[in-house]
Amino acid sequence: MNQNKNVVALDLPIPEIKDMPEDTQKYFQICQEKLGMIPNVLTAYSQNLKQLEGFTRLYNELMLGEGELSKLEREMVAVVVSSENKCYYCLVAHGAAVRVLSGDSELGEHMVMNYRSARLDTRQRAMLDFASHLTRSPATVTEEHIQALRDAGLSDRAIWDLSNLIGFYNMSNRVAIASDMQPNPEYHSQTR
Amino acid sequence: MNQNKNVVALDLPIPEIKDMPEDTQKYFQICQEKLGMIPNVLTAYSQNLKQLEGFTRLYNELMLGEGELSKLEREMVAVVVSSENKCYYCLVAHGAAVRVLSGDSELGEHMVMNYRSARLDTRQRAMLDFASHLTRSPATVTEEHIQALRDAGLSDRAIWDLSNLIGFYNMSNRVAIASDMQPNPEYHSQTR
Amino acid sequence: MNQNKNVVALDLPIPEIKDMPEDTQKYFQICQEKLGMIPNVLTAYSQNLKQLEGFTRLYNELMLGEGELSKLEREMVAVVVSSENKCYYCLVAHGAAVRVLSGDSELGEHMVMNYRSARLDTRQRAMLDFASHLTRSPATVTEEHIQALRDAGLSDRAIWDLSNLIGFYNMSNRVAIASDMQPNPEYHSQTR
Amino acid sequence: MNQNKNVVALDLPIPEIKDMPEDTQKYFQICQEKLGMIPNVLTAYSQNLKQLEGFTRLYNELMLGEGELSKLEREMVAVVVSSENKCYYCLVAHGAAVRVLSGDSELGEHMVMNYRSARLDTRQRAMLDFASHLTRSPATVTEEHIQALRDAGLSDRAIWDLSNLIGFYNMSNRVAIASDMQPNPEYHSQTR
Amino acid sequence: MNQNKNVVALDLPIPEIKDMPEDTQKYFQICQEKLGMIPNVLTAYSQNLKQLEGFTRLYNELMLGEGELSKLEREMVAVVVSSENKCYYCLVAHGAAVRVLSGDSELGEHMVMNYRSARLDTRQRAMLDFASHLTRSPATVTEEHIQALRDAGLSDRAIWDLSNLIGFYNMSNRVAIASDMQPNPEYHSQTR
Amino acid sequence: MNQNKNVVALDLPIPEIKDMPEDTQKYFQICQEKLGMIPNVLTAYSQNLKQLEGFTRLYNELMLGEGELSKLEREMVAVVVSSENKCYYCLVAHGAAVRVLSGDSELGEHMVMNYRSARLDTRQRAMLDFASHLTRSPATVTEEHIQALRDAGLSDRAIWDLSNLIGFYNMSNRVAIASDMQPNPEYHSQTR
C-alpha cells in the first residue's frame, strides 16, 4: 500500500529520511530549519536521488542564483505559469512565496487568479505576458515577442533566465499534476 | 555583436571551450567523441555553469538512467512532446535519436509529424497519448488518465518517470523556442 | 474624474448612498450589517437601479432560494466557473464564501486553482465537471452530459438550477472583467 | 412524463397559465398580444416565479431600457454572442429580432453566421469584436480592449451596458443549451 | 477598379459570360435555367478556367454522383462543416439547399446554428459528429472515430465519400472566406 | 479482406492498373516515369474515376499551373498547412518536394516542424502566416489579413491562388487522415 498519499498519489518507493544518504539528510534538515517543512516536491523526488539532485540544482540556480530578475519576480513568474496550467501544488506553494516575499497577500491572489487584473509596471507586465504566451502557445512565439521583452528593458541574459524559469514550471506543473502532488499544509496560512 | 547566432538568437556570454572549467571541458570532449558534436543546447547553457550542471544531471538521469522505459521510448516521448509544441531544435535532435535507436527512419518521421499515424502497441500508444494530453492540456489530467497508463502495464514508478520526461521536454522546448536555438547540422543526415 | 476606481475602472455615475432610493439604502444597510461591507458589485450596479433590481433578485433566488443544491455547493459552482474564466473579483468574493461556508480554507483554494485536484464525492464532481464544460464549450454540451448529471443523482429541476447558476457566473464574470471590478478587501482574510 | 418537451428537454414543473399568479398571467398576456406568442424562455422560467421575475427584470432593462446602444444593436450583440456559443434557441429568437428591427433579413443572417462578413461601421464592428472576445476568452480581456471601445466612440456607461448584454447572453445561452430549449416556431418566418 | 465586388472582394479578371469558352457558357446557362442564377462561386472561378473545371468536376461528383449518402445528407454535411468554419457564403448557399431538399426550413437552421440541437437518427448524428471533429481537429482523428462510423452503418466507401465531402467544404470555406465571396441574394428566400 | 492496406486503411474497391481506363493507365504511367512511383493518393482515388479526374485537374492547375507563386512556394504552403493539421501523408510527400525543389533538406524540415523557425523573407513569411491562420482559424480571417498579403507584395490574383492552395491541402489533409493514407516509401530518402 502507498504510505505516501499525503505526498503523491503514485505508489513510489520514497525512503524514510533516516535511510537517505547523509548529504540529502542534511539538505532536508536545512529545509526544515529555514522553511519549517520539507516541501513535498523534494520528498517525492527523494525516491530517485539522481533526479532529486538534478532537480534541486536547477531549481536553486533558477530561483535563487544571481540574475536580473528579483526573487519576487521569479516567484511571480512561477505562479503565472502555474495558473495557466492550473497546477494546485505549485499555485499553493509559490502563491505563498509571492505573499511572503512581497508582504502583499493580494498580489499573491492576483498571480494565482489572473495576473492581468493586477496593477503592474510595464516591465513586469511584459514578463508575465511572455510567461503566459510561452506557456499556452509555445509554437507561435517568435522574434517579435522577444523584442517586446527587450523593449521593456530586459537584457538578453535576463530573457534566457526568464525562459528557463517559464520552462521549469512548465515541467514541474506537469510532474505535480500527473502525480497528484499535495502541497504541505503550512503554505496555506503564510502571510494572509 | 552576437557571435553565437548559430547557437541561439539571444546575445549570451557563451565562453570559449578553452575558458571553461576543466570538468566541463571534459564533458564536452566526451560529447564530441561519442556524438561527433557538442549539442548546441549544452553550448547555450555553458554561459551559466550552474544551470548547465542542473540541466545535464536531470537530462542524463531522465534519458539514460535506470528505468522501465526503453531509451527508444524515452526519445519517442521527447519527440511527441516537441511535436505538440512545434519545437524545431528538439524535433531535429530527438527525431534523429529515434531514427538512430530504432534504425527505422519512418518511425522518426511518424513521431515528428503525428504519432497517431504510427503502428504502435497498446502500451506505447498509451504512453504517447498521455504525453500529448499532459503537454496540451495539463489542467484536465486526472486520476483516470493515470489509471489508463496502469491498465496499459506501466508501474507507478514508470508513470513518475514518464511524467518527468514529458515535463522535461515541456521545459526545454520552451527554452529552445524562446532562444531560437539552432540544432547542430549533423543531426539531419543521421539514419536516413 | 472617476471617483470609483476602487470599485470599477469604468467612469460610472455611481450615486452616494444617501442619494439612493430608500429601499436600496435599506438593502445596502442589511448588507453592511450581515456581511460587514457592501459588495462592490452592488455598488457598481447602483448606477442603474433597474439593473441592480434585476441582478439582485436573480442572484438572491439562485444563490439563496429553495433548492436541491446546498449553499456551499452553489458557491463551489460559482468559483469553478470563475476559475475557468479567470475572474479576479468573483474568485476573491466567492472563494471566500466557500472557505466561510465549509470552514475549510483548502477547499476554497482547490476551487480557485483547479477543482480536479480536490477530493470530492461523485455527485459534486459531476456538478463541477458540468460547470467546467458548460463554461468552456457550451456549443458541445448535449443530452449525454445532462444524463451524466441525472446518473449522479441530480433531479431535472436541480439541473435547471445548476445551469442557471453556471450561466449567472458566466454573466457576472464578464461584467466584472470588462469593468475591472475590484473585490472588497474584507474578503481576503475570511476563514484563512 | 415530461409534457413540456416542446419547451425544454428537462422535466420541470411548468404550471398551466391559469394556475399562475395574476401578474404573471397579465405579463404573459401582453407577450401574446405584442409578440403573437409567449416566448418559451418565459414559459420555462415560470416553473420558478422568483427566477422568472429576476430574469425578466434584468432582460427588460438591458434590452429595452434607456441607453446609448440602439435596440437593433442590442439584438445584434445578442446574436453574435449566441453565434460564438452556438445556441440554437437564442440564434432563432434574436436572429429574428435583428431581421424585424432592421428590416434586413441578410443582416440577421450575417449576425448568425459570422458577423465579420457583414459591412458594418467602425463603432458597430468594435462592439461586435468586443462581444466575440469577451465571450470566447474573458480571461484575456484587458484595459486595452476597453480603450478600443472608447476610441470607437462608446462612453464608459455604454461599455458597462454592452458588457452586461454580452454577459446576459452568455448566461441565457448556457441555460437554453443545457435545457435543450426549443424556440417558438413563429420566429422562423419573421421578416424573411 | 474591381467591378466584381458583388462576387468577391479580390480584384480578379472575371470575364464577361459572352467572352467565356462555349462549353463554360453552356454550363452557366444550365445553372441559370436549373437554379435561376449562376452561383457566385462559379463566377469567381471563371477567372481561371482550369481551376473552374477541376472544381466543378470534383463538386459535381461529390455532391451529385452515385453514393450511399443521400443528396440531403451531403448538403447537411456541407452546412455543418461551414458552421464550424463560420463561412457566410457556404452557410447561405448550402443552408438553402438543406431547406429546399428537406422541405424543412428548421432543419436548415439547425445545421447552420448547431446540428447538435436537431433531432437526428444515430447514423446522421454519427456522420455530423465526424464532420465536426474532422473539421475542428483533424490531427486527433484516429481509427476509433472511423470505427464509430462503421458501427453507425456506413460502409468504408461511404466513409471515403464522407471524408471527401468534409474535405471539400474545408477547402471551399477557406476560399470563400479569404476572397470575401458574396452569396447570390436568391438563396435567402428559398423555402422559408 | 482489404488488399490495399499499404495505400489506405479503408476497404475501397481499388482496381488493378490493367483494369483502369486507358487514359488513367497512361496518366499513371507518366507518374511512374516522372516520379518513379504512382503516388498513393492517386491510387486511392482511382476507386472512383470521376473523383480522380476532378482531384487531379484541380491539383495540377493549383500546383503546376501558371501563377505568381513559385512551385517551391506552393510546396512550402502545402507543408505548412499539413503541419498545422498534422497530416502524415502530406508532410512526407510534400516535405520531400520542398527538399527536392529547394535542394535544401533543412528548409523541408523547417516547414514540417515549424515554419516560424526558418529564415524567410517578408513575402514568404506573410504567405505562410496566412496559410497558418486560414488553416487554424478561418472564422477570424478578415480584410486586414488580406491587406497584409497585399502589403507584402502579393497581387489579388496571387491571393486567390494562395487561398485555393491552402484550401486544397485542408481538403486533402482530411481525406488522407480519415483514410489513414500511407505515403509511398520512396519519399523518405529524397534529397536527404
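Chains: A, B, C, D, E and F, in written order; residue numbering restarts at 1 for each.
To be clear about the criterion, contacts are C-beta pairs under 8 Å (C-beta built on N, C-alpha and C of every residue); 3 or more make two chains touch, one makes a residue touch a chain.
On a predicted model such as this, the values are computed, not experimentally measured, just so you know.
Contacts with chain C and chain F are shared by A, B, D, E. Between the contact lists of chain A and chain C, the overlap consists of B, D.
Of all chains, the one whose mean C-alpha position sits at the greatest distance from that of chain E is A. Over half of the residue numbers at the chain C-chain D interface are used by both copies of the sequence.
Chain pair A-C has a twin interface among B-F, A-D or B-E; that twin, with over half of the contact pairs alike by residue number, is B-F.
A straight line joining the Cα centres of chain B and chain C is 44 Å long.
The distance from the centre of chain A to the centre of chain B, with each centre set as the mean of the Cα atoms, comes to 21 Å.
In chain D, the residues that reach two or more other chains under the touch definition are 86-87, 114, 116, 139, 177, 180. Chains touching one another form the pairs A-B, A-C, A-D, A-F, B-C, B-E, B-F, C-D, C-E, D-E, D-F, E-F. Touching chain F in their complex are the following residues of chain D: 114, 116.
Against chain B, the residues of chain A that register as touching in their complex are 2, 8-13, 44, 47-48, 50-51, 53-62, 65, 85-87, 134-135, 138-139, 141, 143, 146, 156-157, 159-160, 162-164, 166-168, 170-175, 177-180. Listing the residues of chain F that touch chain D in their complex gives 139-140, 142. Contact residues on chain A toward chain C in their complex (touch as defined above): 83, 86-88, 91-92, 105-106, 109-110, 112-114, 116-117, 177, 180, 185, 188-189, 192.
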